[in-house]
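There are two complexes below, and they share chain A, which is joined by chain B in the first and by chain C in the second.
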Partner chain A sequence: MRTLSIYGSYFNQFLMSRLAYKWDFFASLIANIVVTLSGLLFIVLLIDGEAVPSLQGWTREEVLFIYGYSMISLALFNTLSPNLYRFGDKYVIEGQFDRVLLRPLNTLCQVLFESFNLESVGSLFVGIWLIFYTGASLGMEFGALDYLWLLVSGISGGIILTSVFVLLASLSFHFQDRLGIGAPVYNLINFGRYPLPIFNNVVQFVLKWVVPFAFVAFFPATHFFSRPGFEFFCYFTPGMAAICLLVAALAWTYGVSKYTSTGS
Partner chain B sequence: MSGIIKLEELTKTYRSFNRREGVWGSVKDLLHRDYFDVKAVDGISLDVPEGELLGYIGPNGAGKSTSIKMLTGILKPSSGSMQVNGYHPFRDRKAYTRQIGVVFGQRTQLWWDIAVIESFRLLSKIYDVRQVDFDARLKNLSEILELEALLRLPVRKLSLGQRMRCDLAASLLHNPKLLFLDEPTIGLDAVAKDSIRDFLRAINRDFGTTIILTTHDLKEIEELCQRIVVLDKGKIIYDGSLVKVKAMPGLKRSIVIDFAGKAPLEELSTLFQGRAQFSLQSERRLVGEFAPEQLPAAEVVRTVLDRHEVADLTITEPSIEQVIVKLYRDGANGSRVAGNG
Partner chain C sequence: MAKASTGPMSVQAADRVDPIRRAKSVYGAVIRNAFLDMLAYRLRYFTGIITYLLFVSVHYFIWTAVFAARESNATINGFTLPEMVTYVSIGWIARSLYFSNIDYEINELVRSGQVSVYLLRPVNFHLLLVAQAAGETLFRLLFFTVPISGVILWLFPVELPASLGHFAWFLAATVMSFLILAEVNFITGLCAFWFKSIDGVMRAKYFLVQILSGLLLPLSFFPGWLQTVVELLPFKTISYLPLQLYLGKVPLDEAPTVLFEQLCWWVALGMLSYFVWRRAVRVLTLQGG
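Moving on, here comes the complex of A and B:
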């Protein structure tokens, strides 16, 4: 409880300094919504019902539903992740991690809670709207358990995404050279936002077992479809989140013990 | 009595590699690296009693920062054992950081964009400081460090000296038993340096806070510390009192004599025959130096006053700079200067 309230204060501090530049914040929020909507527009224009009626049998509504589903986890991840991208530069090479280690708190939580991408909440609202809009046109009915699953899988998906980037960030403890590995992995997230069967076997394998982004939106979203063949993986998302978190935490802890700080 | 800090054979080894030159060299570095080990800290043993104000000095690259970072739990030692106030700084990091205050002159602990007082509040929350204690300490600290006018400003608007005063206050809000200061007065003007020095003396005296101070400013060390530890190339080359190190053989006192008449350079040079070296600074002023173990100051003064009319005479002890330079030279020859006992 006390720990939660400390991180609440971290968030407040960030909010105060972020709102010191409030026009910048509003501009970013609008930019975020525009970028989110343009991603949608791409799908709407691609699967136009005439030239491309569906993606290997997945209709426009189904694809949009999965895409909207991914936005919940992605919004959560994007909100928390800004410090993970610049972790190597800002914390390891510049030596700011010293300060983190000097406080009686968990180091990873401090890094995550020192900066947020608040404007990402824009895409959260777009995602929720999209789920219910396409859900309605697909004839879905949402019960209490469905809402619960949406919440649990959304948070688990956010944990999977965050864990993958925590693992990548923890490499900065070992290689002080700047590794340009974050951007390509980030692009892989987009593959996880489409129906998995449209990809070839190699990509499917990677999205399941290497960077498990298929568990972020596609598998949990199949709960809402009446398509057979996904029963096994559909509810594995929380388990995958636990595995990812464990691996990331181990890699992080090992990385901290190799931290060398800066020269002075 | 057992000390609050106990280090035994503490060592930190970094793995490094030879970087090849040029673009092609960097490409080759990616494929194969010639690794070698650097011992930044090489078997340090130290015992510091509670309440001491210890000066920790050494040239750049001597291992000062690395050892301070091990002492503050930032770096994991490669080997050796350490215990500070009953904790292992790295292993027990979360519990240990509650016991210590840390100020690194080069970077601030405070949040850049928010008011100083907000940073203080958040820190006291992190360190679990009770409201009454917080209020009392803040009142006390802002009186001594004159923070009243700064508390409402964001850190980015503070001058270096103001920021340092705020950082010092921040490091003491949770009433730590030990205070680590790494170059706390770097870049400050003389007035600011003075006020920080007074402050450190006061908390050491009034609260019995053990203070470990690293600095390049030797005058600061001389004014504050009873005991100094000198590092060079990762090893301790001197550990002992400042007074004793100044009595080390080979250090010279300097003397300045103003004569009523013409300065008798040749006469004095002949009289002391190599035991003191003199030179003329002006027509009436002689400067010279001599080693105390070869020539007692009393003898010099008596001899000069017996023979000449002197307007003024000053003898200066070896400066701390000279002491340190000599220590490094001796250290380079491999001998550790005995200073304890």
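Moving on, here comes the complex of A and C:
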């Protein structure tokens, strides 16, 4: 309980420093919404319902529903992730990790809670709106269990994304340099935002078992579709999140044990 | 002499440290350092190649899915599947040449305060940044565009340009794309003089240029009203028009018109960036007291 309140203070502190420049924050929030909407624009323009009726049988609403689903997990991940990208530079090379080690709190949680990307709330709202908007035109009815699944799978997706980037960040302990593989992996997320069957077998395999981004949006979203064949993977989403979290935690712990300070 | 003395020395050393273990740690470190040195510079380009490959791949699969239910030579909004695969592939290859980080550079200069040093120098700030970007593009041409083209042309069924003449015009138009985008980025970067953080502005610009330039999908896929809007904006001259030249959708005798349109936009944006620059300098002076 005390630990939680400390993380709460971390968050409050960041919130206050961020809101010190209110207009700047609102400008970022609006920019975030513009970015989110322009990502949507591609699908809306492409699958116009006339010249292009569907994506290999997946209707515009279904594709948008999956895309909206991905926004929820991505928003959670983007909120937490800013320190993961610059972990190698900021913590390992600059030696700031010394400070983290001195405090009696979990090192990973400290790193994650020292900086947030609050603008991402914008895409969270767009994602939720999109799910209910397209869900309504697909004739979906949401019961209590559906809301629960949305919550559980959304958080699971966020955990999967965060775990993958924690794993990449923990490589900085060994290489003392940004490997630069963050950007390509980040772009791999785009594959997880479309119906999986449109990709060939190699890509599908990678998205299921290597970098499991298919669990970020596509598989959990199939819960809401009347399309058979995805049940196992769909309800395996929390399990996959647990596996990712475990692997990331092990890699992080091992990395911390290998950390050598800059000595300055 | 020297040889004779090292003999017993190394025997003594071997008594303390297992020679195989020592060799492993010494050469292991050498190999590791060499590897890391390579990584420091090359990996950025290597990962860049993968990033571009991923962009092209995801769009390749999307377009294949779009055409899935059609006959093999069907056209959608004036494009066949092979044309669309070419459009996307060549579009990204051209992007590897014409993009620049001028907005990012200006932001860094303003953040660090170094911009004042640049202002004191007897050089034109605008020209300096564009020249720097041009140098980077030349570097990328060799170490980035060539390998990317190799990988993409090998993996995807990309069509050859419509004709040699079309290809020449396409290359000229891509040079203009660089100049036009450089102005757009310059103006975006100048926002840093007014706002505390322009990360959001830069990201929004990035996505808007991607869509409105036609990099993601041709303008003929846009609804009528949006086509009208895009016709009035400079972005279509960055990607869509050069690609129309490559694919031969523009007849050769109309190619000069495309370049003329690009030239007009370049001049117009150049004037706008000069105007914004003058105001930006004034804001900086005010802050500096």
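Throughout what follows, the second predicted complex is superposed on the first by the 263 of 264 C-alpha atoms of A that agree within 3 Å, B and C clash if a C-alpha of one lies under 4 Å from a C-alpha of the other, contacts with A are read in each partner's own complex, and residues count from 1 in each chain.
As a convention for this text, contacts are C-beta pairs under 8 Å (C-beta built on N, C-alpha and C of every residue); 3 or more make two chains touch, one makes a residue touch a chain.
Because the structure is a prediction, the values reported are computed rather than measured.
Just to be sure I read the superposition right, which of the two partners does A:S17 touch: chain B = first, chain C = second, or both, or neither?
first
With both complexes overlaid on chain A, does A:A51 touch chain B (first), chain C (second), both or neither?
In the superposition, A:A51 contacts chain C only.
Of chain B and chain C, which one touches more residues of chain A?
C
Who does A:S28 touch here: chain B (first), chain C (second), both, or neither?
The second partner, chain C, only.
A:L101 contacts which: chain B (first), chain C (second), both, neither?
first
Which holds for A:F125: it touches chain B only (first), chain C only (second), both, or neither?
Touch status of A:F125: no partner.
Taking the superposition as given, does A:S9 touch the first partner, chain B, the second, chain C, both, or neither?
After superposition on chain A, A:S9 lies in contact with chain B alone.
Give one of first, second, both or neither to describe whether A:F205 is in contact with chain B, with chain C, with both, or with none.
In the superposition, A:F205 contacts neither chain B nor chain C.
For A:N187 in the superposed arrangement: first (chain B), second (chain C), both or neither?
Second partner only.
Identify the residues of chain A that lie in both the chain B contact region and the chain C contact region.
The answer is that chain A has no such residue.
In the complex of these two chains, what residues of chain A are touching chain C?
Residues of chain A touching chain C: 21, 24, 27-32, 34-35, 38-39, 41-42, 45-48, 51-58, 119, 175-177, 179-181, 183-184, 187-188, 190-191, 194-195, 198-200, 203.
Enumerate the contact residues on chain A facing chain B in the complex.
Chain A reaches chain B through residues 2, 5-6, 9-10, 13, 16-17, 20, 95-96, 98-99, 101-106, 257-261, 263-264.
In their complex, what parts of chain B are in touch with chain A?
14, 61, 65-66, 69, 72-76, 90, 93-95, 97-98, 102, 104, 106-107, 109, 111-114, 118, 122, 125-128, 154
Give every residue of chain C touching chain A within the complex, in rising order.
My answer: residues 36, 39-40, 43-44, 46-48, 50-51, 54-55, 57-58, 61-62, 64-66, 68-69, 76-77, 195-197, 199-201, 203-204, 206-208, 210-211, 216-217, 221-223, 226.
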